[in-house]
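Here chain A shows up in two complexes: once beside chain B, once beside chain C.
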Partner chain A sequence: MSSFTSFLYNSIFRRNTTMLATVFAGAFAMQLAFDTGSDRVWDSINRGRQWKDIKYKYIQKAEDDGDDDE
Partner chain B sequence: MPALANTTRAIARSWTQHSLPVARASCGTMQSRSISEVHTTSSFDSPFKGQGSSTKIPNFGAYKSNKKSEDGPKLLQYFMVGTMGALTSLGAKATVQDFLVNMSASADVLAQAKVEIDLAAIPEGKNVIIKWRGKPVFIRHRTESEIKEAEDTKWEALRDPQSDADRVKKPEWLIMLGVCTHLGCVPIGEAGDFGGWFCPCHGSHYDISGRIRKGPAPLNLEVPEYDFPEDGKVVIG
Partner chain C sequence: MLARSVLRSARSVGATARNVASKTASRSASTTSSAAEGASWKTNALPIGATAFAAGTVAWYAYVAGRDVDAMTPAEEGLHPTQYPWEHAKWNKTFDSQAHGSLRRGFQVYREVCASCHSLSRIPYRSLVGKIMTVDEAKALAEENEYDTEPNDEGEIEKRPGKLSDYLPGPYKNDEAARAANNGALPPDLSLMVKARHGGCDYIFSLLTGYPEEPPAGAVVPEGLNFNPYFPGTGIAMARVLYDDLVEYEDETPATTSQMAKDVTEFLNWAAEPEADDRKKMGWKVLAVTSVLTALSIWVKRYKWASVKSRKLVYNPPIKSPILSKLPKPTNKS
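Now for the complex of A and B:
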């Protein structure tokens, strides 16, 4: 534990530049995680109601009718 | 009368002589009195009575970290500071992004910004006028002789000098905005003195490359952004 914390301190918090870089990288990672996570929650709440869930019914019908555009 | 005056004067003098040392003494006691003496003269019961000095610094040793290095509580402080900074930068970035996205074109505008045309339906030597962003666009499928005529023109001496190669991507397809550069009328195709377009409003003549040759218009017909993504298809915009 002590070696881990000292490694953490020496690698990240010792220099302001690495600290800043870590903060911005962390912000980027947080945004990615938040966006994908909230999207997944939204999709799971609205399962079966969105266009991408029911698209296959209409796209197949369009192909049966003829070579229409999507 | 004088005797009375003398007596009052003497009384007054003796009073001042008497009172002065008392005042001096009280001054001295005020200056030199310490906390221990206060309770003898004041009814206020001081919580610090009996103590020599009121300044007693408590010992925080029990709360101090024994570690000499930077890890431990300080690491947690740094971690919290960094997390706070990351959240703040995330919020700032989202705010700025929202404002910028708000300024950019919306999806319905972008959907109308491009037009795709099937070129196979246009026979050689024919004009097609399509609507793009509310304006007419001329598409001319030029014949070999028209291409040769457009390329052989001495364009250096024209009013708006521009070579035919600068105005077309494929020589057989001439694509340009159908808006006269004079006052914005729509020129008539296959008309005029130079076999190209003729503006009926004020008599501007454009040649088969859309260049102004005669009349009041100052510039050649404008060429929009277009691309040939595959053979027989053109995307304007």
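Now for the complex of A and C:
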């Protein structure tokens, strides 16, 4: 444990610049992970309701129509 | 120490008060018992009369000023709409673009039925893309209508086919033309209609499906109006517009009156609040983040207060009297 804390201290908290860099990088990574995760949960709760779940029907059709015209 | 002595003195005050009270009680009891022997109805007449007067006054006041006062009669108020369990109104559900529901079908109903009288002026074609139809479909739809161009070099305004950034055109040139075509009644813009009426979706659904075959006996329906119990005043200039199989759905859903009314209502809800889906999702995210932060701040508070709350303060009074110093001393250990 103490080796881990001293590793933490030496690698992150010792210099203010590294600490600041860690905060920014951490915020970026957490935001990305949180947004991706919550979007995935939301989309699975609403599976089949949103346009992205059903658009394949209409995009397929539009291409077919284009073929018919030619 | 101080608190306890104060408490003790308070208790003794209470005791004296109790003594006084019981004494007076016994005294008055003795006087009434002596008077009661010769008492007749006269003794009770005053309290009974006073009570009756007080009750009568309250009843009279409640009768005069306590009843509900309505500015409108129930007919002018309109029938309250039935509450329906709208799926899209749930906290964790989006609008249903199509699969079992409605946005696409609702837009079809709007376009084929309502659009001949009602505008939807706050919806541009671009907002239909990725929600109700593909880009190509929306572009084709936009090109069906003509819009004014910017003035050219000679100041002439020409016509051009619509683009995605254009807004859905209204059926009439202006409000006067709309009134003239509808017996003097203006069909309101439907963009914000769900937000603009009490009852929202429930009201619009009830209104569209609530036209009886004929007005009930005794109802007064002015010339040119139609009876609808849900419309405040019950006389509405819009006749019943939805009938079974009025439109033909591309997904072969049976186009009953209630199906069309439900679809168009959900579509109008989307038109009024296109941001609702994102707002709900953002709300859940905010709740998730703030609940973590709340838990954290509770933990920090307990962490900081732990030492304050678990410490013990001991006070040893200085010893003044030599007699007291002979007594056993309190231990300093705690």
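Throughout what follows, the second predicted complex is superposed on the first by the 66 of 70 C-alpha atoms of A that agree within 3 Å, B and C clash if a C-alpha of one lies under 4 Å from a C-alpha of the other, contacts with A are read in each partner's own complex, and residues count from 1 in each chain.
What we mean here is this: a residue touches a chain if its C-beta (ideal position, glycine included) is under 8 Å from a C-beta of that chain, and two chains touch if they have at least 3 such contacts.
Fair warning: this is a prediction, and the values are worked out from it, not measured in the lab.
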Mind working out whether A:Lys55 is in touch with chain B, chain C, both or neither, as first, second, both or neither? second
Touching A:Trp42 in the superposition: chain B (first), chain C (second), both, neither? second
Can A:Phe24 be said to touch chain B (first), chain C (second), both, or neither? first
Using the superposition on chain A described above, determine whether A:Tyr9 touches chain B (first), chain C (second), both, or neither. first
More chain A residues in contact [chain B versus chain C]: C
So in the complex, which bits of chain A are touching chain B? 2, 5-6, 8-9, 12-13, 19, 22-24, 26-27, 30-31
Within their complex, chain B touches chain A through residues 69-72, 75, 78, 82-83, 85-87, 89-90, 93-94
In the complex, chain A touches chain C at residues 34-35, 38-39, 42, 45-46, 48-55, 57-59, 62
In the complex, the residues of chain C that touch chain A are 92-101, 130-134, 136-137, 277, 281, 284-285, 288-289
